[in-house]
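In the two complexes below, chain A is the common chain; its partner is chain B in one and chain C in the other.
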Partner chain A sequence: MHKMWWKILGSVLVLYATIAGFLATVPELPILHETIRNLYFHVPMWFAMIVLFSISVFYSIKVLRSNNPLDDIKAVESVNTGIVFGILGIVTGSVWAKFTWGQAWSFDVKQNFAAIALLLYFAYLVLRNAIDEEQKRAKISAIYNIFAYPMMVVLLFVLPRLQDSLHPGNGGNPGFNSYDLDSRMRMVFYPACLGWIIIGYWIYTLLFRLRSIDKNSAL
Partner chain B sequence: MKKISTTLLLVLAAVQLFAQTATAPDSLYASDKIYVVVICAGIILLGLIIFLFSIDRRLKKIEKKSSGKI
Partner chain C sequence: MNLASQVKYLLKKELLLEWRSKYALNGVLLYVVSTIFVCFLSFVSVVSLTWNALFWIIMLFASINAVSKSFLQETKGRQLYIYTIASPFALIISKTIYNILLMVLLTVIALGFYILVFDYVPKDLPLYLVATVLGSLSFSTIFTMVSAISSKAGNGGMLMAILSFPVIIPVLIVLIKLTKNAIDGLDRSVSLDEIGLLLIINVLVMAVSLLLFPYLWRD
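This part shows the complex of A and B:
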């Protein structure tokens, strides 16, 4: 029980954010109307993905120094979990776009670059599977991951800002927080982000434990 | 426990205040049927979380077994 407190915290936060996400009042906005509630569901997916990819790059750097195969497993399993959250983010994003921008995929820069960022991490997994020797695989994929991470950050947060985009916070559009993320929404939005990050981390630990048992039994 | 549950119930009574908006709400909210959706989404999420806890427990059992073997 003493080690479980953060799992319970994450569960409670996510449940709270979902229920309050439907029921709490939101500011009235043009075009968006009630779909602004998607902010509590769509955005935390991306935050969880970024935290998981950050964990991955941390262990990729570590594995280069330690040569510990467990660090390599940590790096790959956090990418596996992060990709799931990224796919959920991009799918919820296009559903939201369908009803506010008119098209599910309008080839908006933010959408395109988000898709490319995900492809970068698909390539990471493909690269891993292409190398049979364990030590070599750990090293090469760690180096790839260290390059992929800043690319992902640039694709998601820098390049969309330099061009015209419909996405809030990009292409001269202000982010939600500057004019309509009022304090009522913050009360739901921040717990939602924290909760989903914790749930994402939890799933990553499950996958890591599973893989390390698998490795132990193979020895 | 009784005190806590009564407090919780009284706190929940205030939730109804959120429903009173000054302007006309969107159609989804106008009929008050949104609560049905909230209950469903909450049940699904709760179910998934309980599932996650059960996977965690099963994994812990296997971990214990495999650590005893080595």
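This part shows the complex of A and C:
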């Protein structure tokens, strides 16, 4: 039981964020109206994705040092989970964009770069499929993963700041926290972020355990 | 033998091999020239925005062809031989320097021919030249490492494109922005951000390549 406290914490936080996200009062703003509630779902997806990809890079570095096949499974499973969160982030963003910007894909820089960042990780998975030998696959894909990570950081955090974007906080738009992330919304937003990160980590550990059982029974 | 002299010898070997066959330079040069000519025949006259984008697309494919051969071309036996006598650092540095030399030469010739054929001169030609040199620098550092990864993975050409496109897109976006400034003849202080970002990306890629290549090389 004492090992499970973080899983309970994650579930409670996500439950709380979902219920409070739909029921709590939010500031009434033009254009955004009630869609502002999507903040509790759209943004945490990206945080969870970044955390999972960082975990993956951490284990990729470990693979290079230890050549442990379990570390390789950890690296690939966290990428798999991260991609799911990335796709969810894009989908929730598109729904939000449909109602506020007028169309689901507005060719906003952040939308485009997020899609390209996902392409990087699809390329990582394709690279894994291209190599048959297990040891070699672990090593080469770990190298590509570490090589791609700084590029993803540039894509998601540096380049959008150089261009105009429809997202808040870019291109002359005021950031969210300046007017609408008031203290009431923060009470839901921060728990939502933490909760989704924990849930993402949980899914990743489940996938990892599944894959390692598969691997052991295959031997 | 210390690193500097190893790099010198390996670079000399690359240049000598190239000079004897002149395959890479002539082949890629012909590729670029014919692509530019085909583009001219199909577009005839273009607006400045298309002119710029077209140039970078042509250079992207030409440089993938030019740089990808650097590792894919080496036979297994020669790789083993170099592995026994030289350090991996010397190898990746020499390959990168050779590719930079090749790419800079290629890009400058291509730019001259492109300007000649389309009869269009950017307003700020020196800045455009700086941008193309920076572009060929980034193309060579990134593609050298990716070609090393894809050559180790086995099936070359296809994987090379899949792995390198998501990595090169951020660089390409910055390059197109920088060259557009040059075409519009904006004040040079506007472009300092982009130049700095490109240099940072190059340093980052070089550092990551140097750290990772020894692991990749050791089979």
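Throughout what follows, the second predicted complex is superposed on the first by the 217 of 219 C-alpha atoms of A that agree within 3 Å, B and C clash if a C-alpha of one lies under 4 Å from a C-alpha of the other, contacts with A are read in each partner's own complex, and residues count from 1 in each chain.
Basically, a contact is a pair of C-beta atoms (placed from the backbone, for glycine too) under 8 Å apart; a residue touches a chain by one contact, two chains touch by 3 or more.
What you see is a predicted model, and the numbers here were worked out from it, not measured in a lab.
Asks: Is A:W105 in contact with chain B, with chain C, with both, or with neither (first, second, both, neither)?
Replies: Neither partner.
Asks: First (chain B), second (chain C), both or neither: which does A:S217 touch?
Replies: A:S217 sits against chain B, while chain C stays out of touch.
Asks: Could you tell me if A:V14 is touching chain B, chain C, both of them or neither one (first, second, both, neither)?
Replies: first
Asks: So, does A:F147 touch the first partner chain B, the second partner chain C, both, or neither?
Replies: In the superposition, A:F147 touches chain C alone.
Asks: Considering only touches as defined above, state whether A:K136 meets chain B (first), chain C (second), both or neither.
Replies: Once the two structures are laid over each other on A, A:K136 reaches chain C alone.
Asks: Kindly classify A:L23 by the partners it touches after superposition: chain B alone (first), chain C alone (second), both, or neither?
Replies: A:L23 sits against chain B, while chain C stays out of touch.
Asks: Have a look at where A:I203 lands relative to chain B and chain C in the superposition and call it first, second, both or neither.
Replies: first
Asks: I'd like to check the shared interface: which positions of chain A are touched by both chain B and chain C across the two complexes?
Replies: Correct list for chain A: none, the interfaces share no residue.
Asks: What residues on chain A touch chain B, complex-wise?
Replies: Interface residues on chain A, with respect to chain B: 7, 11, 14-15, 18-19, 22-25, 28, 33-34, 199, 202-203, 206, 209-210, 213, 216-217.
Asks: Flag every residue of chain A that touches chain C in the complex, lowest number first.
Replies: 64, 113, 116-117, 119-120, 123, 126-127, 130-131, 136, 139-140, 143-144, 146-148, 150-151, 154-155, 158-159, 162-163
Asks: What residues of chain C sit close enough to touch chain A in their complex?
Replies: For chain C paired with chain A, touching residues are 145-146, 149, 152-155, 159, 162-163, 165-167, 169-170, 173-174, 177, 193-194, 197, 201, 204-205, 208-209, 212, 215-216, 219.
Asks: Going by the contact rule at the top, pick out the chain B residues touching chain A in the complex.
Replies: Per the touch definition, chain B meets chain A at residues 15, 18-19, 21, 23, 26, 28-29, 34-35, 37-38, 41-42, 45-46, 49, 52-53, 55-56, 59, 62-63, 66, 70.
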